[in-house]
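Okay, here's the structure, questions in a sec.
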Amino acid sequence: MTVAAVRIPPLVDHHCHGVARSALSDEAFEAFLTESDAPAAPGTSFFDTQLGFAVRRWCGPLLGLAPHCAPGDYLERRRELGPAESAGRLLGACGIADFLVDTGLTGDLTSPGELAAAGGGAAWHEIVRLEHLAEGAADAAGSLYGFLDSLAASVRESARTAAGFKSVAGYRHGLDLDPARPGSGEVRAAADRWLAGRTAGERLADPVLLRHLLWSAADTGLPLQFHTGFGDPDLRLHRCDPLLLTDFVKAVRPTGCTVVLLHGYPYHRNAGYLAAVFPHVYADVGLSLSHTGARAEAVLAEMLELTPFGKLLFSTDAYGLPELYVVGAELFRRALARLLAGWVGEGAWAAGDAERVAAMVAADNARRVYRL
Amino acid sequence: MTVAAVRIPPLVDHHCHGVARSALSDEAFEAFLTESDAPAAPGTSFFDTQLGFAVRRWCGPLLGLAPHCAPGDYLERRRELGPAESAGRLLGACGIADFLVDTGLTGDLTSPGELAAAGGGAAWHEIVRLEHLAEGAADAAGSLYGFLDSLAASVRESARTAAGFKSVAGYRHGLDLDPARPGSGEVRAAADRWLAGRTAGERLADPVLLRHLLWSAADTGLPLQFHTGFGDPDLRLHRCDPLLLTDFVKAVRPTGCTVVLLHGYPYHRNAGYLAAVFPHVYADVGLSLSHTGARAEAVLAEMLELTPFGKLLFSTDAYGLPELYVVGAELFRRALARLLAGWVGEGAWAAGDAERVAAMVAADNARRVYRL
Amino acid sequence: MTVAAVRIPPLVDHHCHGVARSALSDEAFEAFLTESDAPAAPGTSFFDTQLGFAVRRWCGPLLGLAPHCAPGDYLERRRELGPAESAGRLLGACGIADFLVDTGLTGDLTSPGELAAAGGGAAWHEIVRLEHLAEGAADAAGSLYGFLDSLAASVRESARTAAGFKSVAGYRHGLDLDPARPGSGEVRAAADRWLAGRTAGERLADPVLLRHLLWSAADTGLPLQFHTGFGDPDLRLHRCDPLLLTDFVKAVRPTGCTVVLLHGYPYHRNAGYLAAVFPHVYADVGLSLSHTGARAEAVLAEMLELTPFGKLLFSTDAYGLPELYVVGAELFRRALARLLAGWVGEGAWAAGDAERVAAMVAADNARRVYRL
C-alpha cells in the first residue's frame, strides 16, 4: 500500500482551557495527566498511561530532551526552564492558529490572550461556561429576581463577544435531563430553592436551572457545546452518553441553535450518529485522542464512520499543561493524516477529497460553525 | 503477510427495498445518501460522507465515469442514462443472486420482481412488514373485530408466500417493549383506543399492538426480522439496542420463532452476543457497512468477534437508489475477503475454513434460515 | 514498520476455574466452547466460532496434530490420549506460573492444586465466590441467626487463606444494585424471606443479600472481583455494564477495598475508564480474548486506551477444558506482543517501556494487587 502524504493546515482548537501560570510540583504535574481526583494507586504512576507516554514522546524533544526520556528527567528539565519558557516552547510548536477557550475554570491559569500570545500570536475567542455564569450571578445576587435578571444579562452580554457557550450539565446532573424548556414559574421556584440553601461558591446542580441555562443560551443563536462522554469521577459516565440529549436536540431545533458534542468517548460513535441525522449537531473527539495516545488513530477512525465530514471538529480540551496542546494536536494531525492516506492508498478515497476533508476537520468546519 | 484470495459466492441479500422507478432530482438523490430527515446543514453535503465517497468510488465506473468523479458529473451522467438504464447497469453488476425485499415502504418503488429482473434475473422473495399489515387492516376496517380478524387473516395469508416478517417496533416505540404476549382483552382494548383516535394512513405506535404483531408473526414459524441500531431520527438510538430484546428473545423461544437482528450499529457487538447465546437468534450488519464506507472492514470485524459463523447474514438494506445495492455488496465482499485473507495470512484461520465461512455468510446461512 | 519482539514473562492468571476430571462426550466438549445454554442451532456448530478456530489452531499441535485439524480428528485424538494426558500436555504448555482459581463452580472439576500440578508445578491461590458461601451457609443453617453467623464466619475464614473474593451479582440480579451498605435489619429481613421460601441448593438472587455479601467481603480488605460484561444467558448483558457499579465503587472506596472488574466485553472500555479514574479499581479482558480469537488483538487494544498500565490484569477465565488455558494464554501473549511491538515500531512507545508494561500486565500487577 502506497501511503500518500496528506497535508493538515494550522488547526482551530474549538475547545480548550488555560495553562498553569506558575511552576507545578511533580505531583501537580502528574495530576494533570489523569481525570482521576486522587493520586495514582500504590505501585502505579499516571505517567504509565497512553497520555503519559505521548507526553514523553512528543514533548521531550521540544524541551531539548530525547523522545521517551524518563519522567524524572522531563520534570527536572521543565523546572530548569521554568513555566513561561516551557509553555512558550510547547505552545509555539503546537500548530494551533486559533484557540476557543472555555474560561469557566478557576485557578492560576493563563487568560485566552496570554495563551494565544504564547502560541506564537495565534487568534483566540472565548467560550462561556453557562454554569459559571449562574454561579457568579448567585454569588453576587441579593434576591431571587436580582439573580434571574443578572443571569439573563450576563448571558446576553456574553453572547455579544463570545464565540459560543458550554454546558457541563453532564457533570452536574447527567444528560438525562427533561428536554423541555422549563416554564418561568418553574425556574423561579428552582432558583428560590437553590439560593436559599446555597453557600457562596457552591456549584449549580439543580436540573431545572441547568435546563434554564441551556434554553437561555439557545436563544442567543450562538453554538452550544456539551460535555459528553468521559471525564473526572464527578460524572457518571453512563449518564453522559450523548444519545441522552436526543430529545433536547429535537426540542431545540426550531430555535436555530447549533449543538456541539464534545469528546463522546466511549460513546463517540453515538455522537457521530447525532451529527449525521440532525443538521444542527456537530461533534469532536477532543480529549479522547490525548488520553488514548497510540490508539488515537483507531478512535478517530470510529468517529469518521457516521459523522459527515462537514460536521467533525478538532479540539484538544487541553487544561493546565501546555503539553496537552502539543499532544492533542500531534496525535490528531498524525491520526488524521495516516487514516486518510491509508484510504487514498487503497483506492477508497480520492487524494483530492482527502486534502479537502483534512482542511474541513482541522479548521474550516470550526470557522464556519463559530463564524470566526 | 501473504494475503491469500478468498472467493465470495453470489450473495443472498436478506433485507432490502425497492428502488425509485422515476428520475430523481439532485436533492432527492442526495436525500437517499443519509438517514437524516432534512437537507444537509449549510456549507455541508451528504456526498461528503463515507457513503457518498463509496458511491462515487464504486458506481462511477459502472456508468462509464472515473471512480471518485465529482458529484455533479455523476448526477449528470445518471440523468443522461435515465433511471431504468442506470438501475440496470448498477443492479446488473452487484452480484446479488436473491433479493429478500421488505415491501412495506410506500412511494414509486420497483416491485421485488422488477428489482430482481433488473438484477440480471435474480431470484426474489418477500419480507412482510408487520406494521404495514396493521395499518392496511386499520385503513380498511369498519369495526374493532373487523380489524382484528382482517389483521389475523393478512398475517396468515402473508405467511403462505413470504420468506419472513419484519418489525420496525424500534422506530415506532423502541425495543424496550414488555416481552410478554399480550392477552386478547388487552389487544382488543388497545385496538379500540387506536382505531377510535386514528386518521387514515396514521402509523401504528401503540406498544400493545406492536407486541401483538410480534407474537402473531412468531406463531407462523417464519423468521422475524427486527430493525435494531441506527436509522432515521424517528427513532431514539439508545432505545434500539438489540439487548433490549433479550427478554422477548427468551419469551418467544418456545414458539420456535427465529429472530433476525438487523444492522445493530453501534450496538452490533450486542447483536452478535445474542446470536452467540441463543440458538434461535441471527444477525447482520446490513446498512452499517454502506454508511461506514472505508471503515466497513472494521465494523464487520467487530461483528465477527462473538457472532457464530453460522449465524451471520448479509444484507444491503438498499432503498431508493440502485447505487446502494452496489455499495452494500462491494463493501461487504471486499471487507469479508480482506478480513478472512488476513486471518489466513497470519495463521489464525485455515484457508479452507475461510472459504467455507465466506460461503456461509454470503448466502448459505440465509438460504437455511429462510428455507429458500 | 520494523516490529521488535516484546518478551512476555510467565503469566499470573488471576481468574480461572477447574477443568473436567473425566472424559467428555463430543457434545459436552462442544458445550464448553460457548456461553450458550443449548446445543448449536440446526446447521451450525460451536466449532465454527472464533473460539472454536483458536482451539483447533493452538491445541492441535500440542496433541500431535496439525493446526486447524478437523474437529472430529481433534476430538478423536483427545479421547485416545484420555483426559489426564490431554490436560497435562495442554496445561503444561500454557506458560501460566500462578493460577487464582474461583472454586465456586460445582461439577467434577480439578482442584486448584491438581490444576497447578498439571500445569507443571505452578503456584495456585483460591478466589472464593461469595454467592457460593451464602448458598452453602443456607443449605447448612437451621435458623436465621445460624445462617447469618455462619455466613459471617465463612467470609472471615475464607479471608484468612483466599487471595480474593468474587461476586456474580451481575448474573444473579444485574450490576444495577443499590450501592449502599444494607442495614442489619434489612439484611435480617431479606435473609428471613429467602430462607423461608428456599429449597436446598437454590441460588441466591436476593439483591439485599447480594449487597450484604459485597460489603462483607469489602470489610476483609481482600480484592473483590466482579463478573461484568458478557456471559451465559442467565444474565441480561445491558445490566452487566461495569459503569452500573460506579456508585458502589464510590461508596466502597473508604473501606480500602480493591475492586477488580472481569471481562467487561463489550463494555471493556467502560471498565478501563473506571480503572483510570478510581485508584482502587483494576480490570481485565479475561474471557473476551478467548471468545474473539483472531480479533483478540483488537479487543485488547481497546482496553489499552484508558486503562492505566498498572491497572490491567491477565486472566483466561478458563473453565472445563484445559484448551481454554492454552487459547487464553496464547491469544493474550500474542496480542500484547504484537500491539506493543507495533507501537514501538512506529515510535509511539519506547522499547524499554514496552517490556516493562508487558511484565506489569502479564504478572506484576496481579502479584501486587493480590499480594502473592
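A, B and C label the chains in the order they appear, each numbered from 1.
Here is the rule we use: a residue touches a chain if its C-beta (ideal position, glycine included) is under 8 Å from a C-beta of that chain, and two chains touch if they have at least 3 such contacts.
Note that this is a predicted model, so its numbers are computed, not measured.
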Q. Leaving out subunit A, how do the leftover chains split into contact groups?
A. one piece
Q) Residue numbers at the subunit A-subunit C interface: does the shared fraction exceed half, giving same, or fall under half, giving different? A) different
**Q.** Between subunit C and subunit A, distance of the C-alpha-averaged centres to the nearest whole Å
**A.** 37
Q. Hey, what residues on subunit C touch two or more of the other chains?
A. none
Q | Complex contacts: residues of subunit A adjacent to subunit B | A | 241, 243-244, 246-247, 250, 269-270, 273, 276-280, 301-302, 304-306, 308-311, 343, 346-350, 353, 357, 360, 368
Q) What residues of subunit C sit close enough to touch subunit B in their complex? A) 34-46, 48-50, 53-54, 56-57, 67-68, 230, 232-233, 236-238, 265-266, 291-295, 298-299
